[in-house]
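You will see two complexes here that share chain A, one where it goes with chain B and one where it goes with chain C.
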Partner chain A sequence: MAACVGNSCIPGETLQEERQESSDIRKVVLGDGLRCNIVASSEEHSLPVITKNGILRRRKPNIYYVDSYQKRYIPSKNDSVIGIVTTKTLDFFWVDINASEPAALSYLAFEGATKKNRPEINVGDLVFCKVVLAHPDLEPELVCVDSTGKKGNLGQLNDGIMFSCSINLVRKVLNEKCRLLHLLSKETPFELVAGINGRIWVNSNSLRKTILLRDTILKAEHTPYEEMSNIVNDFATELTGIP
Partner chain B sequence: MEIDEDRNNKMRAIASELNILTRSDGSAIITQGGSCCIASVNGPLEVSPANIDMNKAYVEVIYRPKCGLPGVNERYKEKIVKSLCETCIITQLYPRTQITVQAQEMDDHGGLLACAINAVNLAIMNSGLEMKFHMAAIHCGLDSDDNLNIDPEYVPKANLTFSRIQRSSRSQNFKGNFTFVFDSTKKSLIGVNTDGKFTIQQYNEAQKLCKDASRKIFDFYREMVKKYATVL
Partner chain C sequence: MRETILSNNEKSFVEKSILEGLRVDKRNLNEFRNLGLFFGQDVGSVICTLGATKVFAQVSCELSSPRTSRPNEGTIFINVEMGPMAAPHLEVGFPLSDSCIQINRILERTLRESRCVDLESLCIIAEEKVWNLRVDIAVLNHEGNVMDCSCIAAVAALAHFKRPDVTTTGDGEFIIHSPAEKDLVPIVLHHYPICVTYALFDDGKIPVADPTALEERVSEASLVLAVNSYKELCCMNLTGVSLTSPHLILRCSEMAAERSRRIVEFIKSILEEDEAQRAKGNLPKGFAESIALSNLPSNFHNEEIVEKIEQPEIVGIAESSSHGETSDDEVKIIDDNTVTSGKWIEVTSEDEDSSSDEEMPEQTNTRTSQDAPKTEKKLHSNESSEEEKTIVLK
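For the complex of A and B:
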């Protein structure tokens, strides 16, 4: 059986269509949910096989991936994640990033940190960081600086509230097609940090407003892109009651 | 999501819902006729040092009966479901981790093992773990007149009291019981569990009937994927 771009696909189906469609371009990039050679002893072994349930998507020129539902995070390089510091050891903070094991965050991976000048982070604090090492055989490694040593948007998250959601909701909120954040920012000023590991942090000038923002974002999970303005309108009417 | 009873195929109506438990990574409830089962999948999780495997994920299956403590029968079912899970999940992608699968019996009206396997498959599907294929389990009963019944509903005998129904196996009005599990790619047999008395011809006939019937369950899975993919 062969899967088609834009349609639902199930594990075990093969990706066949790129053969005819793009015979001139030889290189095909396989994203999430597609693998080669998982089943040995098969005449179709050279064709990529689908390993997830969802919708097969294609991004030009030749990137294929499966859009599927997921709650558990599997670390991957360059992802921006929100972590909770669980342990402090001599050289590392151990951070829970919703993956199978805690990730290591070095004391020195902060802006301006030296051996003498350690960052003031305690157990239970939230940190927004980037994954620099993600390999299934090793524990993930995080940093709170970019390659130039600046902290940029990364670092500790103070105040506000953090909530967990499905990874799809985070992807949806960050999607360019989704106008939710744009519409919400017209109603009230707020800060939002979305970690692709299924955690979102929001902050505004009052706690009730922050909670209302959280509820609106969670509501967006099962709302189609076109109907985002409806939930924002609901948010606006609720907001009028809050000083 | 429901599929109505088909008179020709004589399979019971199937209904299912995904993601019914908020805190697990993947969960599903399925009813096949009167039998009902909830399954939940968590993983990849941190694994205890005793069970760690450097090459693949360790799969743990917990099967819970409707009432009472799990016994030998439940352990046996756990073992069957565990080996099936290890076949259908690509465990090599998640080394040094653990995948916990839980199946909770809700109601038993025959074919509960098949119902539990189908529920576990839907829960794995919902959890986003990478799979090689889907699996579909079908129960078949051989009655005293040597007729094969695909996915039969258990009808309690009138003279049995409630407590006796509770204790007796729900498949006991058949002299032979088969549960076949098929994969979705080649429709080949990946698991089988039988009890009772039957001949090899009856076994082969039952396998053929179940293989035909498995198509309906695979169609059902596909519909579920399609339905739950609309909000992605």
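For the complex of A and C:
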């Protein structure tokens, strides 16, 4: 069975339409839901096999992935995630990132942290961090600094509300085609952090506004891109009267 | 799977917003989520939805011998199941989780110990054969307030259920008629007790109606009141750690009584609709409608929270007693047919918004006083219960 781009696919189907359009491309990038088994003896690759249900997508020039509705997060390197600190041990915070295992966040992985100067984070706090190690056999490892040792946007999240949603919604909100956040920011100032692990954190200067923002973002899940302005208009009308 | 730890941000946000009279799903403190009731093809099968919470209830009956302590009464058994389908952190099988046992126990107190089901009418031959009712409740989705949802489902299922008719013959035998021979007989319910849950916040000062899963986790305590449409308190349960006052409990019970009256009306209207559809031969086509309705929470109501409710007082103790007939003849089972079914009724969810809450105080006084005797007559026609004591809130 061969899967076609843009159609639904099921595990076991193979990807066959590679490299037809542009002969100069030598590499094909396999994304989520695709796997290529390497036959050790001959240096040939087997055809890429689909490993989950969904719609096969292609991004130019040659990236293939399977798009499916998903709530469970599978860690992968360089993802930005929101975690909840569940335990503190001698050297690590153990952080729940909605994955099958808790992730490790070192005390030293914060800006300006030393052995004596530890970050003040308690159990139950939210941290926005990056995944630096995502190996199937090891716990994922997180950091709250970039490669230059600066924290950037990463770090602890104070106040506001965090809510869980499907990973598709987070992708949708972050998608360039989706003008939701852009339109919302024209209406009112607010802070938003979207963790690709299916968690979104919002904060604004009033509780009611934060509640409305949360609701609008959750509504976006069932709204097509073109109709985003409608839900933002609804948000704006409900917002009137709130300082 | 372990339950995800509650983050400090969520906790403090919920607490702060409750203090300001706001809730995360945009409801008022006194507002309930949309209620939906859907009957299945079989009698006594119901899906109840309360917002995103969804519960399935099925009543069944079988013949068994009565308890020696109560030889002329049938029995009622309640079984609640909450598995990982309801929420991933819930475990399946034994040992049952604490929350599951708690819900089961409160339901038993509400349905069995309030004696709302006329158990004597379930007797076929005293000391020998009685009907044994079984209410199976499966929580399909846990999004907070499973208690109310399962109670409504159980009551609606009991009201919807019909058992085969039985005739006793003089020579000590009995005949169980198939639905084709004789119409099925409904279970006699004296009253419909409805559980109403309040989550308590701010040292037990603020009651929040119909808490969501998040609010349940943040709240200090939860107060479950089972009230019937005659404003009789059937069961009360307070769990958690919180200071509370008799004042608050009385205020909550008054609000619960109003809520209960409306739900009972709702259940009755839907039962009637279902009955009419079944009479026409339109069978329900399954529970598809209940799925279409479960969507994101909506409806923002800006009305002020109804806080001012007259102080309820405990006025007195009502006693009712009547005599029932029991048949002492002997019986033989002839037919044990399954139940054929009627028609599907689709129910749009009832609005429990605060706009109608404002009419609450007057309605309570006029309506219940008129309606109660009428329904009572109908319900009590077959009644045969012992003395029952209930507190009346006025």
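Going forward, the second predicted complex is superposed on the first by the 226 of 243 C-alpha atoms of A that agree within 3 Å, B and C clash if a C-alpha of one lies under 4 Å from a C-alpha of the other, contacts with A are read in each partner's own complex, and residues count from 1 in each chain.
One rule holds in what follows: a residue touches a chain if its C-beta (ideal position, glycine included) is under 8 Å from a C-beta of that chain, and two chains touch if they have at least 3 such contacts.
Given the structure is predicted, the values throughout are model-derived calculations rather than measurements.
Engineer: Touch check for A:A113: first (chain B), second (chain C), both, or neither?
Structural biologist: A:A113 sits against neither chain B nor chain C.
Engineer: Which holds for A:H222: it touches chain B only (first), chain C only (second), both, or neither?
Structural biologist: Touch partners of A:H222: chain B and chain C.
Engineer: A:Q70 in the overlay: touching chain B, chain C, both, or neither? Say first, second, both or neither.
Structural biologist: In the superposed model, A:Q70 contacts chain B only, not chain C.
Engineer: Between chain B (first) and chain C (second), which, if any, makes contact with A:G160: first, second, both or neither?
Structural biologist: After superposition on chain A, A:G160 lies in contact with chain C alone.
Engineer: Kindly classify A:R208 by the partners it touches after superposition: chain B alone (first), chain C alone (second), both, or neither?
Structural biologist: Only chain C; A:R208 stays clear of chain B.
Engineer: Taking the superposition on A as described, I'd like to know which of chain B and chain C A:G12 touches: first, second, both or neither.
Structural biologist: first
Engineer: Which partner chains sit in contact with A:N168 here, chain B, chain C, both or neither? Use first/second/both/neither.
Structural biologist: First partner only, chain B.
Engineer: Quick one: is A:L47 in contact with chain B, with chain C, with both, or with neither? Answer first, second, both or neither.
Structural biologist: neither
Engineer: Output the chain A positions appearing in both contact lists, the one against chain B and the one against chain C.
Structural biologist: In the superposed arrangement, which is not itself an observed complex, chain A uses residues 221-222 for both chain B and chain C.
Engineer: Can you name the residues of chain C that touch chain A in the complex?
Structural biologist: 4-13, 16-17, 20, 22-26, 295-297, 300
Engineer: For chain A, which residues are in contact with chain B within the complex?
Structural biologist: 1, 8-12, 33, 35, 38-39, 51-55, 67-72, 74, 99-101, 136-137, 168, 221-224
Engineer: List the residues on chain A that touch chain C in their complex, please.
Structural biologist: 84, 86, 96, 98, 122-126, 157-164, 201, 207-208, 210-212, 214-215, 218-219, 221-222, 238
Engineer: Name, in rising order, each residue of chain B that touches chain A in their complex.
Structural biologist: 19, 25-26, 42-47, 54, 90, 93-98, 125-128, 130-134, 183-185, 221-222, 225-226, 228-229, 231-232
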